Amino acid sequence: MKKILNNPVDYVDEMLAGLTAAHPGFYRLHGESGRVVARAGAVRPGKVGIVTGGGSGHLPVFTGYVGPGLLDACAIGDVFASPSAEQMADAIRAANGGAGVLRLYGNYGGDLMNFDMAGDLVSFEDIDCTTVVLADDIASAPPEEAAKRRGVAGMVYAFKIAGAAAEAGQDLAAVTAVAQKAADACRSVGAALSSCTVPQAGRPTFDIAEDEMEMGMGIHGEPGVWRDKLRPADAIAHEMMDRLFADMPVEGARVSVLVNSLGATPPEELYILYRVVKARLDAVGATVVMPLVGRYATSMEMAGVSFTLIRLDDALEALLTAPCDCAFWRVG
Amino acid sequence: MSIDRAAMVAGITRLTAEMERQFDALNAADGALGDGDLGVTMTRGMRAISGGVETLPDDLGMALLTCAQAFTKSSGSSYGTLMATGLMAMAKALRGRTAVEASEVSGLAALARDAMQARGKADLGGKTVLDSLDAVARATAGLGDPAAVRAAAVQAARAVMDEFRDRPATIGRARIFADKSRGMDDPGMLAMRGIVEALAG
Amino acid sequence: MKKILNNPVDYVDEMLAGLTAAHPGFYRLHGESGRVVARAGAVRPGKVGIVTGGGSGHLPVFTGYVGPGLLDACAIGDVFASPSAEQMADAIRAANGGAGVLRLYGNYGGDLMNFDMAGDLVSFEDIDCTTVVLADDIASAPPEEAAKRRGVAGMVYAFKIAGAAAEAGQDLAAVTAVAQKAADACRSVGAALSSCTVPQAGRPTFDIAEDEMEMGMGIHGEPGVWRDKLRPADAIAHEMMDRLFADMPVEGARVSVLVNSLGATPPEELYILYRVVKARLDAVGATVVMPLVGRYATSMEMAGVSFTLIRLDDALEALLTAPCDCAFWRVG
Amino acid sequence: MSIDRAAMVAGITRLTAEMERQFDALNAADGALGDGDLGVTMTRGMRAISGGVETLPDDLGMALLTCAQAFTKSSGSSYGTLMATGLMAMAKALRGRTAVEASEVSGLAALARDAMQARGKADLGGKTVLDSLDAVARATAGLGDPAAVRAAAVQAARAVMDEFRDRPATIGRARIFADKSRGMDDPGMLAMRGIVEALAG
C-alpha cells in the first residue's frame, strides 16, 4: 500500500501537528517531548484523570479519544512502538487534577514496563496512579491464559466507560473498578486481509497472498489462528461470532458490539458483516445497545475487520451511553 | 582501586563508543525477529548520558539516577526501560556513596537483575538480558580483586550466550517465532555482552 | 485490494440491510425497490425536502448523509451506477412534506437524466422539484467549461448547508438558491494512489503502478491531469492548494476546507497534509472555519485524498455550523 | 396493414428474444470503454415488458407508457432511461389511438430522438443512439408502404454504423477514451440496430 508522507522519521510529529491544528478545540500538545496530547481545556480540579498511551498508527486509538467524557491525556510513540516512560509521566502530569490518575491501555510488554516506570517517576510528585490493562483479543491466548491476551479494540469501550465515570465525579477507586469491569466484559477477535507499512520500515509488516486472509491476526501483524483462502463475508462473520460466543456467552444479556475496520476495509463491507452480527445476537436473545460500526481502532491502511463484544450491566450501560466528545466520536 | 566518578565517566566514554560501533549489529540482531531498534535504543541512551557527563555528580547514586533518566527520556523500547530500571535500582543502593568496591559488583548486578525482572515480569532462563546479568552476578560473587571481577564478568557474559543460543525466545515479538529463534542470539544478551566488555575496559 | 463480501450482486442490498439495522434511529428503507433510504422519522409537513442519489461505494456519500439538518432521502444505485428514475421518484416522494423537493446531487450523465425523468414521474403527483448539481472537481474541466465538471466531495458542504436551510424552514426557492450558492462556492481536487474494485467487476477499476500516483483522477478512476511517481506529502498538498487557489482566490476570505480520504488512506496521512493546507490558507489571510479531516466521500478502498475548499459568506457560514446529525457526522 | 396492439405484442416478443441473444455482445461492446451493462439493461427492460404483455391495453399510448415504466423501474443506466424517454414521447403522441400507420413511423422516431436529445443533452452527430434514430427518421420520411418502411429503417440503422464507426465517442465514459473509441461501434447504436431489426421482423 502506498503512503502519503514526507521523511518517515517525521511521520508522527507531523501527524500530531496536523491533528492539533485541525482540532484546537479538542487537543493540545503538552510538555517538552511533543508527544503528549492533552485535552484543550484545563484539568478540572478534583476530577480523576485518565491517561493512555501506545504506538502511533491506530487512529482514532489512542490520541483521538482524548476529550470530554473520554481520556484526559495520551502519550504517543512512534508507529507501533511504545512511548517513553518520561512521555507517559508527562501525560500523567497533564491529566492530574489532584484526584489521582488511571492508566488505561493495552496489554503489550513495552507499554506495561513504561507505564510502570512512569508511575515510579510521578510517585515523587504525589500523584496516585492505578492501572487497568485491556486484554480483549481472544485469538492471542486461550481462556486459561487470558491475562496474556493483547489489548485491541476493546479499548474503545473501556475509554468510554471509564471516561464517563471520571466525568461524573467518581473517585479513583471507583473509576478504576468500573474500568476493570469494562475491560473484563470485552472480547475481541480480528481477521486481516492485507498488511500495512510502518513508515520507517518502508515495506509491508507481513506478507499475505492476494487471495488469503488470516483469522485472529493481531493489529501489528502478530500471527493468528489460521491462514487460508479469503472466505465469504457471512462465513467470516459467523466464525468470528462463534469464537466470541465460545469465550463469553451472552444469552439474554444486554451487549454492545463494535464492528471495526482495521483501516482500508470500507464501511460498506462492515455493514454487510453487521447483518450477521445482529442476527447472531438476536438468535441468542441478546439485546444490542448502541452498536458501533466504523473505524474505531485501526492499523493505518491494513484491510480487515475486528468484532468486539461487551456484556453490559446497568452501570456499564449508563456509562456507555453517557455523553462524550472528541474529533472522532461523539455520544449523546 | 575502587570505582569513583572518574572511573564511571571513563566507563561511559568506552561504552558510548562501543555502542556506536555495534549500532548496525544490534539493529540487525533485533531486526531478525523483532523491530530492529536495539542499536538505536542503546546509541540514543548513551549519547544522552555522554552529553551530560560534565555535570555528573560525585554521588554515584545520583549519577546513576541521571543515567537512568537519559534512558527513560530517549526511548520507549523495552531495552531502554529495562536499562533505566536496572540503573535506578543500583542508584538507590549507592545513594550518598562516592566510591564502590569491585567486591560489590556482583551484588549490584543482582540488584539490577531483580529490579528488571520485577519490571518486565519475565522468568530467569527465558533467554533475555536477565540471564546475562544473572550469569555476571553469579560469576563475580565472592571475588574482590578488580581484575578478577572484570575477567569473570566478561567471561560470564560471553559464555552465557553459548549456553542459551539454541533455546527458544520466550519474550516479546521474538517469542512468536520461538522455533525460528533457536540458534540465534538474543539481541538483549548480545548488547549486554558489549556493555560488560566495554565497562571492563 | 481484497474485499469482504458474499455474492457480488447482493453487495448493495446487504450493505443497506446492515446500515439500517445498525442505525434504525437514523435510517429506514422506503418504497418497494429496497433502494431508497429515508430519515427514520416522519416528514415534517411544510419542510422543504432534499433528496440525493447516485452510485454506491462512496459512503458516507450519499446515503450516510440522510438525517436531521441534512438530507431527507436518497436513491441508491449499484456500485458506481446510477439508481433508476423510479427509485429517485420514490426518494422524492419520501422527502415530500408538501413544500417541494430539492434534488441535490453530482454532475454525472446518468444521474442527471434519471433525476430529470424522476421529476417528470412525480410531476403528476403535484410535487414541485428544483435541481442543484455539484460540479466542484476542478481537474475534470477548465474554468471556461465549469458546467462540465464532475461532482465530488463538495457535495458534503452542499448537503450540510442546504439541509440546514431546509431545517430552518426556508422555502423551496430559498433552499435551492442557497444550495446553488454553496455549490458555486466549492472547489475540489483529488489525487489517487490506488484503484478499487467494483464487486461485480471483480478486478480493480484501473491500473496504477506501485510507485505512481495520479493528480486529478476522478472518484471512479476517470483520468486526471498527470500521472507520475509518488511525491512527498508536502509537494502533493502544495500542488493541490496551488490548483485550488488558481481556480478560486480566497485571499482574506472565510473558508472551510475538507481534507478527505478516498478510503484506504488513513487519518494519520490526512493530518500530515492538513499542516500544509492550513499554512497555505493562513498565508493568504484566509480564516478557516470548521475544518473537516476524515473520510467524508470515498471510493471504497481506493487510496488517495481530495481537498475541497468552500468560500463562505455570513449566510453560508451560519448554515454550515448549524446542528446536523447522522450516523457518520454530527455538528453542533 | 396498420400497427395495433397485436402487432406491438409480436414486436415485443421478437425484440425480447433478440436482446437475450445479444446479451453478451452488448455487454462486451459497452465493456470495451464503459461499464459493460448494456446487455443487462436491455434484457432486464424487455423481460419486464414481456412479463406484463398480457395486460397491455389496446390504447397504444397507454401501452407504450407501460413499456417506458418497465425501463425506469428496471435500470438506472443511461440507455434504459433514454429508452424510457423515447417511449414516453411516443406514448404521449399516441394517447387514445389503437392503431398507427407505417407512414407515421418516421415522425415517431423523430419524436423519440428529440425527447432523448432533450433529456441527455447530447448533440446529434456525437456517435450515440440519437444518430441511429435520426438516420431511421430520415430514411423512412415520406414512405407509406409497410414493407418499404421496414426495409428503409433496417438499412438506415445498419448504414449509420459504418458512417460513425471511425469517429470519436463524445458521451459518457467512452468520451474519456475518445481516441481509443475510433474504429469501435457505439454500443447504443449497436443496440438500436438490433431493436430496429427485431421490430421489422
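For reference, chains read A, B, C and D in written order, and residue numbers begin at 1 within each chain.
Basically, a residue touches a chain if its C-beta (ideal position, glycine included) is under 8 Å from a C-beta of that chain, and two chains touch if they have at least 3 such contacts.
Since we're looking at a predicted model, the values are computed, not measured.
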Chains touching both subunit A and subunit C: none
Chain centre separation (subunit A, subunit B; CA means) in Å: 33
Centroid spacing, where centroids are CA-atom means, of subunit A and subunit D in whole angstrom: 57
Shared-contact residues (touching 2 or more other chains) in subunit B: none
Residue numbers of subunit A (touch at least two other chains): none
Graph class of chain-chain contacts, one of line, ring, star, complete, other: line
Touching pairs among all chains present in the structure: A-B, A-C, C-D
List of subunit B residues in touch with subunit A within their complex: 35, 37, 69, 72-78, 80-82, 84-85, 88, 119-121, 171-173, 176
Subunit C residues within the subunit A interface of the complex: 1-6, 11, 14-19, 21-23, 56-57, 59-60, 64, 193-194, 210-211, 213, 230, 232-234, 236, 259, 263-275, 278, 291, 293-295, 298, 300-301, 303, 305, 327-328, 330
Residue ranges of subunit C touching subunit D (in the complex, touch as defined): 33, 77-78, 80-87, 89, 109-110, 112-114, 116-117, 120-121, 201, 222-223
